[in-house]
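Going in written order, the chains are labelled A, B, C, D, E and F, and every chain counts its residues from 1.
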């Protein structure tokens, strides 16, 4: 199987901002991403959990976004603008993908 | 803590195909994997979300599968055969594991 | 965007042990982590799925934990003590983060 | 004709229909209103269990009658045959590929259990009786259409995935098993069983249906929003989505008259034939015909035909069935 | 005064309040009792749908009366004005930053629909009637307070995020859409519609409310546990959380008397003005004022003011409204 | 004896049992029917809340009577003692390791609240009264068995994890807290409280139980499927799973007669002693005895003993209790 180098970006972001992040990514030309639910976590703003929540303010999502290396900067800049004033983390990993034509 | 080199494979696949992927992996001798729910995403086939879905056609899953390097090709070939005609992505990352005897 | 080297640790652990892992991590000075729900999986102890479960014994969680390299060992030791006698996997990946002051 | 309009109007201001409309409008206005996936699934489990059980209990009361076998047979034939008509029609009016057209056709041959449920609710509020075993007919009509579609693709040289497990999977899919299973439980436990769980499956039924249709409206509305942004659904296809239920319904009504169903039963048979699947068939298509574009068949069945049946179709089918099969 | 205490005592041993207390105690004792997120959301959808529909059906029965427009106007003015009072008070009694104080103030101007629901349940168990359209007033009071808060921040030179979509998002948030939508469905379908779904939305209502308040108790308890570990909520802030509902309530009651609401309606207007949001406003604050600390406003509104209103507030507001607006 | 069979047969064709059977068969046939995890948890919250509340309200009506303390004591002793018997038996008939045998033993000393609920439903449909506080006994019997199991392992030199938090965690686990809490709410609010939420927790109860048992059947069926593929459960172990409830039940019945429970209460005490946990104990075992193989204890308690009790056991226990404790 031929594998192609790419970058895997993982963004943990408040669920309330997810729609905005998706829009920003799409605008930056990043059309492929996967959104995972997050059950809880901990950070500088303390621990939290999704259990029994009804407020739309709680909860986070994890975006996983695989891109060609040359689009990484555009992606990070778009993501950063959304996350900037908000809590959350952005993390980049080297990876390899099959079916490179999809990215 | 001694760490051992391994490969982390992440496969995003339609939920309806998850049972088939699990079977194919098992057949290829890959018995360890973790299945994460996916809440939504976007790709060439457009954006989607799991909210309120009742059709079993919607929805995706993310398989995370950590294997020794020497089994990677068998894994990818098995996975590829299932994903081939379907939407979804396959991505491989270098990693290190504790408790290597488990893999 | 300036990126800083860091480590991404992923720990798949029984849900019933999640509270203990969180406490152990916090004690080891690791205050940032994200907990993902896990829908099912397979391993040496066979396949399982979260569907319809009511027992609190079933189910697993995936902890994702991004740390500076120098804290990795403390993290792994703390995690290992919790996971030791239990099923589950620990996997470490190199990564890069934005906003390094957060880690 | 007047009374059809009166019926349609009465139907339109029922809480059930208006809940669907609320969901539709909320989604079109991009409200973040949403029903959690687990809650939507729980609602559908409730509806399937209740409708199956009530059907079974009714049969236990009144017996199967002579027409059950005929009803099942008619349902299966309709489910096999309607996709052929739909396919031919689609190839004429649209430019869909063979695979896409076959996938859409499969949906129209199969049935929508929620449309069926809405029709039973409408019958009930008009005090029209129907054969309890019609739910068994509904279950029997889910799968055959899928085989027709795969045959259509194979005949045109297309490569439907040779999935061994698929037929088994379709026949044993959750909805069919639950519907048939609860029907049999109803038959076995009869009026006594019904009495035990009546205040769970009868009294709150219409209210639960409202919430479920709210969710259906939200999903349909999201689909329509995508469509407006320039999806693959052309005006010709929308026309198909409005015409095909009438064609299917006519075939259903003819069969019902032929085998001598009661007016209520005939209305349900018409509704089944007129309705298009959006639960079982899409899943089967994703497995067997992954190249078919889901937004075409989901938009048509859920975004066009389902609302059409819910608002205009059902009162029309009831009126026609009463006029032709009625005393 | 005696009767207030008697009422309060009767209120305290209702299953609804005790369910909240159970959740609170379970969380404080660190039990792992929890309600799944999807179930909690499903319960809140049920409550909003039921309360909206019943309000609408009541209006369909008795007509809007002359005061609806006045009621809406009063609600909107209260929602705009209360944050200004709250902000001023907070700046005096606490050391909260401008942004934090404005965020807290927004919560107190807006409303808690569950508090409203609990008040209607209390009224009903005492046989006191109220204007059905008060749910529309509740919906109208959700958003204006957010604008006041953003204006407060802007005036102090703070940088509320210039979010274009925000106002739209707040006005079309799920709770408002569902509440207003089901209210309109109730108005449209009236007593006939209500009869169809009564055994779903009326009979089991109080029981569902119990489970929902169990969950609210669990969340409030978790919040209080964090607070005990040394969160940012000072005794002065807790004092604010107990005093502010009385100030808001007084303003609400005054408005109600001014526009001539019935005793029940006055009690609800008082409750709305006294209650603090914890669903819509926190979400808006996360978007527009991300620097504001959520544990301050969530702890105050959900951990302090909500239990206060539930236990002491509601019986007090009802007693006051009956005394002043009553026959 | 005849009447036992008649009762068992009547029991077998109840919707409740048949729903379990449907789930079992669906899972064995590898249907994809499934209940979302959140829905299953919501159903169990409902059942615990309802059964606790109704027990409490019954006590508020009729008083605690003299035997509550004795009942609690008997329950606790049974829960401590039964694991010792089960352990000895397992070591004789099977080759399970000390740790595995102790873990299984813990499950049989503890109780299954759903079996208890099914027994109350059966009593009710036969019009047999029982002490309302039996739910408190059920709660008291959940935890002691765990201590016995840990003691057994420690005595054999095994290393049960020295988990400080564990006992606390078990005593405050969600099911116990909810059951005891709602029982106390029921006691506090009495018949008046019950009246308020009756149409939520009484009328639909049996129907909800059906859906819950459908899910239990699905899970049990999945477990049995694994077993057929050659899991660790031998025929001897299956024999244990069928025999042990009779031994435990006999001990329970003897205790009930000794302390003078009513026939209904005796049937419930028998059922509790005969039932095996699959909610609280598995979780405690995963923490304290992680080396024990969960598929052994889950398959036995959920796949063998639970269906046995549901179908054969409960009618037998009721018949025996009525024969021996009855008038």
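Following the convention adopted for this analysis, a contact is a pair of C-beta atoms (placed from the backbone, for glycine too) under 8 Å apart; a residue touches a chain by one contact, two chains touch by 3 or more.
Since this is a predicted model, take the numbers as computed values, not measurements.
Participant: What chains touch chain B and also chain D?
Facilitator: Touching chain B and chain D alike: no chains returned.
Participant: Going only between touching chains, how few steps reach chain E from chain B?
Facilitator: 2
Participant: Could you work out which chain's C-alpha centre is the most distant one from the centre of chain D?
Facilitator: Computed centres place C farthest from chain D.
Participant: Would you mind checking which chain's C-alpha centre is most distant from the centre of chain E?
Facilitator: Greatest centre separation from chain E goes to chain B.
Participant: Counting in whole Å, what is the centre-to-centre distance of chain A and chain D, each centre being its mean C-alpha position?
Facilitator: 38
Participant: Hey, how far is the Cα centre of chain C from the one of chain D, in Å?
Facilitator: 45
Participant: Determine the centre-to-centre distance between chain C and chain F, using the mean Cα coordinates as centres, and give it in whole Å.
Facilitator: It comes to 34 Å between the two C-alpha centres.
Participant: Indicate the residues of chain F shared as contacts by at least two other chains.
Facilitator: In chain F, the residues touching two or more other chains are 32, 34-39, 41-42, 173-174, 199, 203-204.
Participant: Using the touch rule from the top of the page, what residues of chain B touch 2 or more other chains?
Facilitator: 36-37, 47, 56, 93-94
Participant: Each pair of chains that touch: what are they?
Facilitator: Touching chain pairs, listed by label, come out as A-B, A-C, A-E, B-C, B-D, C-F, D-E, D-F, E-F.
Participant: Once bound in the complex, which stretches of chain D touch chain E?
Facilitator: So the residues of chain D in touch with chain E come to 13-15, 18-19, 22, 25-26, 29-39, 42, 125, 199, 203-208, 210-211, 214.
Participant: Give the list of chain A residues in touch with chain C in this complex.
Facilitator: Residues in contact with chain C: 10, 12, 36-44, 47, 60, 62, 73, 76-77, 80, 89-94.
Participant: So in the complex, which bits of chain D are touching chain B?
Facilitator: Touch residues, chain D against chain B: 34-37, 39-41, 44, 161, 173-174, 215, 218-219, 222, 226, 231, 278-280, 282-283, 285-287, 290-291, 293-295, 298.
Participant: Would you tell me which residues of chain C are touching chain F in their complex?
Facilitator: Interface residues on chain C, with respect to chain F: 14, 16-17, 20, 45-47, 49-59, 85-87.
Participant: Under the stated contact criterion, what part of chain C meets chain A in this complex?
Facilitator: That would be residues 1, 3, 6, 8, 22, 25-26, 31-37, 61, 64, 66, 93-99, 102-103 of chain C.
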